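What follows is a set of structures to go through.
The two complexes that follow have subunit A in common; it is paired with subunit B in the first and with subunit C in the second.
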Partner chain A sequence: MRPLLVEPGLRRTGPLRLYLRSRALPGALAALVCTAAFGAGAARWLVSLPDFDHTARLPVVVFGPLLATAAIGTSLYAPCDELDRTAVRAWWPRRLVHLLAPTALAAVLFALAVPGHTEAFGPPAAVRNTLGLTGVTAGAAALVGARLSWLPPAFFVGTVYLAAPSRPEGAAQWWAWVMQPGPGTGAWTVALGAFVAGSVLYAWRGARRTTAES
Partner chain B sequence: MNPSTAVAVTGLTVRHRRTVALDRLDLSLGPGVHGLLGPNGAGKTSLIRVLATVAAPFSGRVELLGGDATSHRERTGIRRRLGYLPQEFGYYPGFTVREFVAYVAWLKEMPSDRVPAAVERAVRRVGLGDRIDAKMKTLSGGMVRRAGIAQAVVNEPELLLLDEPTAGLDPEQRVDFRSLLRELGTGATVVVSTHLVEDVAAACTEVALIEGGRLAFQGTTGELTALGGVSTEGNDSTTHAVERGYTAALRAHRTSAENAREALR
Partner chain C sequence: MTTSPAPPRTRRATPPGAPSPLVTELRRGLGPWTGVAVALTVLLSMYGKAPDWQSRWSDATQLLHVTAGLLAGPLTLAAGCWQGGRDRRRRTTDLWESVPRPLLRRLAVAVAPSVLWPAAGLLLADVVCLLATWPYVSEGRPFLELLAADVVAVAALGALGHVVGRLVRWRLAAPLLGVFGYVGLAIGSYTESAARWLGPASEHQSVWDRPVWWFAPVSMVWAAGLALSALLAYGLRPARLRPLALLPLAVAVAAAAPILRLPTDTGPWRPDPALARPVCDDGTPQVCLTAVDRALLPEVAAALAPLNSRLRGLPGAPVRWVSGPYGPTRPGDVELPDTGQDATRGRLTRPDLYLNSAVSWLFSTTCRPGENTGPNAERASVVHLAVSEWLAPTPADYGVDPTAAQPYIDRLRAKSPAAQRDYLARYLAAKGCDPDKVPVP
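On to the complex of A and B.
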């Protein structure tokens, strides 16, 4: 039998592990995987319903990424912001990795959750929505704080889902980008624009501090 | 700049939107324990936050440990040698004391092989050795504050900034803390912002008094005490004497500030 570790604290205080725990990232990643698994199940079930075809996967392609980015957004909360500001190294590279790594995972998981039919609501649409909504959420974290960062994208998606015309044309291609089929250039342009702008804003400013500042 | 001067601030102005928190402040501090006194809203926290490099000044020059704090490159080196206890500091509630202090050691980029021993030493120094593996959320207010002091000293800082460190400590812990302060002050420059005059009387060798964003008095604790004169009351204590000195210095500063304003009219 191997002897017990002499210093149990040694293993628990690895920097990466401490960082991940301080942001409650294990929970956020678990939520992300569960959302994708639930999305995959829901997509299969919707398609299997009588009179429904693959286009019935639209709610999964819209609301799945929304839930996943909400999990990522709330993990951007820094509990000891004032101490973090005294860090020797600049924060922006860590912030970018923190944002992009889970986003990449979410994009892959949702692409796998809705396989096939790339011309409609398949992997391209899921990836586009994950990237675009990540951008909106990250921007919201920088502007209103990480804990409420899910609210602006939820409001946006909810409104668009109710208001978008059934056959989006003209301006709706742009403002209702989350509802567009996979290949639409306009929707991709808006989503990528939101992704880059939101990520850069968050990496530069960090999540807005929401505790009282004296 | 004198090489032993850890803090050299000239013309420091800090603004919060339209209000001026610090108004062209000049201050220079060397090794020892410095009490930063002043009424509420005088600008103590604003000064500490600039010295901790977490807030940027509106204007003025801030030199810390021989480096320019406004230069990005030099700030990196300064931060390794800096300890900071904010007035309010958040923590991840699931962290143990050991993990919380190790997290800050990581922020300070301490060599990883030195971290476990440094963390244990810092936690022992604040008297939390028996609670080192307790979760932060299970600690009392005083214990959280002591964990805060432990994170501030984990990297053996040359400049230690403590904003209201004794708030929430009981009298016995305060006595222990003051002896820790004296110990730290032998090698480092320690700045303690407080509104408790007894902290200054017991642990500080020098005092800087701030009022309305300006320096009202700077000198030794003895000099501040002397400003108060001799008490007519029978049972006078050191604390009372420092309090009288504090009040006298504050009033003298207010009078001179008013006279200066009058002269300008």
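On to the complex of A and C.
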């Protein structure tokens, strides 16, 4: 008889489901969907206000993806990191899938939440901000730990939000990329750069091992 | 059997030489970083908008107020929430329960970094921005009481966040609280209800107003009362003492009542005649700015000098250029464009643009329906453009195309000074809305 390597209960649950549960991913995905739904409602409400037009959707395009990436970022926390690292299989493809799948979902949801007006704050801007902020969050997870990974992007967005000039011009399209309208090349370059760098860093290093204190 | 003597009781709770728990709490962990983050957030936002606020106390105070409410507030909420969940993450809650100190006292020490550091960071940013404004302002005072109310509001948000962090065990609690805190604080700027003056981010744009004296202290009581009530409701043990938390809540609600009775549009802001008092130079025509912009008077007079030299002594020319909330009050007064748009740090950024807007304001008339029509209407509008461009050419980067008016402009420039004065007098005398009477140069 072959030795029983896997507990019967575990076999029934399946490693994927266990993985999802250990990372609290169901909760994170639910938060993500709720955020997108709330964002869609807020965008409609903002546009419906007197004296406001479609450009009033800027807060949704900035803060919605920020919250969605916070949900993704906090789900990167590994409760038994040292145990995980003893596994035989390489972790980086799993980490990459864990990061990219919710990001794709968030990008699609936010693109649907702010339809139309691609030249201003429509689907392209929402997708760009989702990708860019996911990159920043994933990078932060690798550097400061997953549970606090929302703080660097939140600090960045908070600082840039009022400081950005109202017209897209000059250097602002680089440093205030989250505030730019959809088509700006500079903003897309920075966002995609942040996305690639953050994702690679996270896939390579994983979330920083933190003690229970942080 | 021997019994060891009981250790002598000391009055000090901590061994001599050890820092007090409060100092340790304040120095370690997220607290100092929160203070730095709040200060940096406010300072960087203010730096980005520096040309807009560095000339007037009210502009500086208003933007500091909005930045504190909208950005420092949610950041403090999130940081407080994170700090509040610390003992749970460390799994030291049981250890704390074994400490022979009442929960309320432990809570007071634990909440200190969430409250004091953001307040200190905001205070630092306020001081830096006010010092940066000081050299360029002419009149009035910074509304320090409003800034103090902001500091209290941010501290209160830190305490509320801390309590939420203790109660809610979810990794996403802190960022969620931050973003929804932002939504809650920002929603006031989208609505017109009186309730928006309860929030710490309510905005009012008028440089000639000041808040009623009681608004800032009452706002402080409102914010502090809410926070204290939450802290007491969480920290008072045994449970029969909990109703005491209703006391600060009642005080907060009582403080909210007069705020809710404020007018919805202007809220606590009332016109201040001292700030709107006209300050004039002794030129002809006189240039009058409000006391708030007194430092700009020489600059504005210099910008208008070429125009004034042409207008001086002409019949129908303005007697005074006036700016401010009251507008033209005497016959012969002509309104000046707002200097706030064109001035930065006590200087006019674009004197040529300012002169150009002054000329368009001088000749602007409101025509009734049916007027300004007829066969000569198009020619009259070209003449209007030509006169404006002759007196003050629009800067090249502002997109006005004077090609159609160029022949008239050339003719006006070619005239002798006496003929130019004669034409300008005839132009001023003509009714702008009657195309047939507009003289062709």
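The rule is short, and it goes like this: the second predicted complex is superposed on the first by the 199 of 214 C-alpha atoms of A that agree within 3 Å, B and C clash if a C-alpha of one lies under 4 Å from a C-alpha of the other, contacts with A are read in each partner's own complex, and residues count from 1 in each chain.
What we mean here is this: contacts are C-beta pairs under 8 Å (C-beta built on N, C-alpha and C of every residue); 3 or more make two chains touch, one makes a residue touch a chain.
Note that the coordinates shown come from a computational prediction; the quantities given were computed from them, not determined experimentally.
Trainee: Would you check which partner chain A:P15 touches, where first means subunit B only, second means subunit C only, and both and neither mean what they say?
Mentor: first
Trainee: For A:E82 in the superposed arrangement: first (subunit B), second (subunit C), both or neither?
Mentor: A:E82 contacts subunit B only, not subunit C.
Trainee: So, does A:F63 touch the first partner subunit B, the second partner subunit C, both, or neither?
Mentor: second
Trainee: Figure out whether A:A24 sits in contact with subunit B (first) or subunit C (second), or with both, or with neither.
Mentor: both
Trainee: Which residues of subunit A are in contact with subunit B in one complex and with subunit C in the other?
Mentor: In subunit A, residues 24, 212, 214 are touched by subunit B and also by subunit C.
Trainee: With touch defined as at the start, can you tell me which subunit B residues reach subunit A in the complex?
Mentor: 45, 52-54, 76, 79-80, 82, 84, 86-96, 98-99, 102-104, 106-109, 112, 115-116, 119-120, 132-133, 151
Trainee: Touching residues of subunit C toward subunit A in the complex: what are they?
Mentor: 37, 40-41, 44-49, 66-67, 70-71, 74-75, 78, 82, 86, 89-91, 170-172, 174-176, 178-179, 182-183, 186, 190
Trainee: Under the touch definition given earlier, write down the residues of subunit A that touch subunit B in their complex.
Mentor: 7-10, 12-13, 15, 18-19, 21-24, 78-89, 211-212, 214
Trainee: How about subunit A: which of its residues touch subunit C in the complex?
Mentor: 24, 27-28, 31, 42, 46, 49, 52, 59, 63, 66-67, 70-71, 74-75, 77, 147-148, 150-151, 154-155, 158-159, 161-165, 212-214
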